[in-house]
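Structures given as structure tokens follow.
You will see two complexes here that share chain A, one where it goes with chain B and one where it goes with chain C.
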Partner chain A sequence: MQLGYNWLIYMDNDSNSIMAFNRHSPLIPGIFEVKSKSKETHDTWSIVLNNKEPCRVETFNPGQFNMLYAYGTGEIPISISGDCSNQKYIVHTIRDVGKVSHALCNLKSGDQVGVRGPFGTTWPMDQLKGKDVVIIGGGIGLAPIRPVIFHILENRDDYNRVAIAYGARAPEEMLYPTQIMDWRSHLDMQVRVTVDSASPKWHGQVGVVTTLIPRLNFNPDNTAALVCGPEIMIRFAVKELISNGINPDEIWVSMERNMKCGIGLSGHCQMGSMFVCKDGPVFNYMDVERYFRIKEL
Partner chain B sequence: MELNVMQPDQLDDLIQGISLADYQVIGPMESNGAIAYEPIESADDLPRGIIDHQRPGKYALQKIQSSRFFGYTVSPFSWKKYLYPPVQTLFKAERNGQGIQLETDSHDVKYAFIGVRACELSAIKIQDKIFLGGDYVDLHYKERRENALIVAVECFNTCETCFCDSVGSGPEIPNGADIVLTEILESGEHYFLVRSETEAGQEILNQISLKDTENNHYLIKDAQLERVRAKLKRKVQTTGLKSKLLKNPDHPRWDEVAERCLACSNCTMVCPTCFCADVFDINDLDGNTKRERRWDSCFTSDFTYIHGGNIRHSVKSRYRQWLTHKFASWQDQFDSLGCVGCGRCITWCPPGIDITEELKALSIPPNQYKKGEINHV
Partner chain C sequence: MSNFIAEQLSEHPIFKGLPFITLNDMIDCASEKIFSRGSTIFLEGEDANYFYLILSGAVDLSLHTHNKGPIAIQSLHNGDILGWSWLFSPFVWHFDALAREKTNTIRIDGKCIRKLCKDNPELGYELMNRFSKVMLDRLNATRLQLVDIYG
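Moving on, here comes the complex of A and B:
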């Protein structure tokens, strides 16, 4: 049977929550086309996708991810990095680190890819309303959190003070430098950037991202923090946020685990009782705090 | 529905009737020194007079003087391999220019399983929750499962490794079967007690002329089940187990069991509830590809791989993941244990690690536990 427009065959009628982009089975991707592509750093690309066949597109929200399938190569979880108020196109930012991400970074406009999603939990945009918002990103971890920044900029009055701290390995590894400049120009946003190491030409801050936290302006009694980056960075950032007075249950983190399905069926992403793919990737820190204390969980 | 009496030679009528109703009949048969669940054509294929001996790390069949059809306990294989195949093509894909064309097949075989044990039916129900009960339904599983006919057979014996009663999965057949059989062979008489539990099951039974039961049949059936229950010596103390496991990730027993475990994955491969999978792209020389889902095991080294390395690199952490998942986190995830006490993982573990013994040791508070305290025989 050829998949295409005859979608009733595989449509599951009793369930209304399945098949985000796909009409046949949540394990079979829908086909999307690369509309455009741009280089972010020497190893990182952003791609803009739009759907090829008429298929059911559910709304996507900041923090969610898609399983992107590169023909004949494999499928990997990649967060939505674009503006979620534009539900026509999906933007992903991908760092070339291995087999599948390499294939995805090598796509050209017009090429087709498989997409399953959107999956996973979202950043708690509603719960952040009326609060100071601290956003901590490390490396490629700025990508999954960028939709939050877009959302705040579009709904600026809903949020109080906003502070962004971003750390990259080196100046040339920083994502979205022009956008960061733009965010900086907003008087009502604090944007601080640091790099792990740099040549003398760099006039900015050098050091790990956690060192920026004490220098951000926020009222700890009414602040929520969002953290995304390598797990080790999350650990240190959370510690620093707490020691700067932020309530642990006002901290949200986005976790990373090996993922083979994205929908709770492959078992790969388990972290204690959680399936990071469906119970996460965004967790309230207090729901996973106990797991941070167990080695090799 | 009501209990009836079926003669041994009518077992074949039952099999033929099911086959005529367009099912592919899968049943137990002897194959390469083990009981396997394979397509059968008649009652002659059943392992008549064959019993199994199972002990930690040991399995053997024996032919005895008996006309019993279902004398073995459980096969090393489980029905899982039909509902959730070890290797399954999710889709085939072809490239046209820059485009991708996907193709998939629907599964049109209806399976009938003959000889499903209580623990095995419980395992199917656990997998139903995983594949059908969440937000995302696995349609590949669903189309197989919905069309399947289940003929359960009550146990009359136990094997040394099984423990269904203490995990609540047997020995009585839970609901969910289409037809339930009890094979009785006593006082020189051989017959089946049979009842249907669904319309599909009743339709099949309607074609066989069954006799009415007499009062003592109920007593005979109950007594047989009671004898099974009394034989089940192996136990898991499930009360409080979840919090004991979750609270003691550093219990010294994990180190001890990790020294014995080979991380060979046998336990997960024979387990009827384990559901982990990996996916692969298989490319051919014409440039076409297919995407396959295959059973995976949390004991493999790269199961948790993310760029920097594997999260669970030690055998200890992998063994802990498997046992803690089965008996603790499974409860948070699916509201039941992940174990039905079939004993397969004990029988098929090369060094004979016995999960019931490990759980006993792990239930002792770490500060009171003495190394090697609960020792394997």
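Moving on, here comes the complex of A and C:
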């Protein structure tokens, strides 16, 4: 039952009571439609979502995430991986690793999905202006950082040298290979890719992503670095960035935790005194540095 | 040619700062060597008589497997050192090394360097220290590969 545009009112049969939710509540998912879907790797898909409820269009920025709800299955946090200058569609890249992500990866064009968000902090695009920018991504960690690359390409004059280092397990596990080739064609951007092991068909670098960092061309005194990937990769990438002269204050990382509500209420994503969903996922490294050394946090 | 080699040796981190006389001795152990794209630099099991300072290009270290053929496990580039099996008995290579691109190197005779180190233990200690740092860095990188940091 709908009374007024902003309120949804319904009878809860379990508690035999009337429930009312504000349509703009961050806990109420908006209905989005899968416009298209593309396979990235053997277990990873990108879906393009189209907003079915114009009133729920909100601006989203590089680094933020949405809670995606596969109807009847559950809800998980997924970073926005598309171009944030196109606010008409939202792109998410999802790896099929669990029940909900499996359901999301199996959506077809025209299917509906619940979306709450966007949530969380953004990559500090304004603070990067006038600096060399080093972007480090590992595995599916390229997805949350890809909007930064789109933004930089669209506002190239705002940034100095730009270097991207991306690591994956194997060539066939690399995300967005065609796009990486395109980025490589930009003469004003360094793009280096490495894999952990490869057959002779692979003509690129073999080794861990941290080995790429000393080969990137940047002025450490005027460089900001953005790092996204599994926490262990972040730890070692940050260590290498610092040993190459980058000020720890100029390093931003995107953290992953088990986010449930997206607004800092459930406490599932608590990390010390902070909630990753609300205070993150993008943090300045100095704000989270101490948590990297605490086990079981 | 020897001027070029002297310059490369004296500027390379593995030799930088060594006394002039020592570097002069080392020049006699070194020669320039160019590998064309796709050529084999050494193969697993062969005698490890040399090591290489990579000046330009790229080299893949790989391991031949029965079912998957050669698997590249590490890439080396300009500035990197290729090979340390010349340092340790039984002086044989543990991996294959293939030039992924045309690769310019300074090839250094391991036996010759070992003799210099034997005659000059101070040099031996210093070089072992420097090579240990290279090995430590490679070991750490390999450990990260084993951990599967892209989870």
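Just so it is clear, the second predicted complex is superposed on the first by the 275 of 297 C-alpha atoms of A that agree within 3 Å, B and C clash if a C-alpha of one lies under 4 Å from a C-alpha of the other, contacts with A are read in each partner's own complex, and residues count from 1 in each chain.
Operating definition for what follows: a contact is a pair of C-beta atoms (placed from the backbone, for glycine too) under 8 Å apart; a residue touches a chain by one contact, two chains touch by 3 or more.
Remember, predicted model here, so these are calculated numbers, not experimental data.
Visitor: Between chain B and chain C, point out the one touching more chain A residues.
Guide: Of chain B and chain C, the partner in contact with more residues of chain A is B.
Visitor: Now for A:K278: first (chain B), second (chain C), both, or neither, which partner does it touch?
Guide: Only chain B is touched by A:K278; chain C is not.
Visitor: With both complexes overlaid on chain A, does A:I31 touch chain B (first), chain C (second), both or neither?
Guide: First partner only, chain B.
Visitor: After superposition on the shared chain, which partner residues are touched by A:M181: those of chain B (first), chain C (second), both, or neither?
Guide: It touches nothing on chain B or chain C.
Visitor: Report, in rising order, the residues of chain A that make contact with chain B in one complex and with chain C in the other.
Guide: On chain A, the residues that contact chain B in one structure and chain C in the other are 230.
Visitor: Can you tell me which positions in chain C touch chain A when the two form their complex?
Guide: 58, 60-62, 68-75, 77, 100, 141, 144-145, 147-151
Visitor: Which residues of chain A touch chain B once you look at their complex with the stated criterion?
Guide: 1-3, 9-10, 12, 15, 17-18, 24-29, 31, 33, 52, 69, 71-75, 97-98, 108, 110-114, 230, 256-258, 260-261, 263-268, 270, 272-273, 275, 278, 294-297
Visitor: Touching residues of chain A toward chain C in the complex: what are they?
Guide: 138-141, 167-169, 173, 194, 196-200, 202-211, 215, 229-230, 232-233, 236
Visitor: What residues on chain B touch chain A, complex-wise?
Guide: My answer: residues 90-91, 93, 95, 98-106, 130-131, 134-140, 142, 246, 249, 275-281, 283, 287, 289, 291, 293, 296, 298, 303-308, 311-314, 316-317, 321, 325, 328-329, 332-333.
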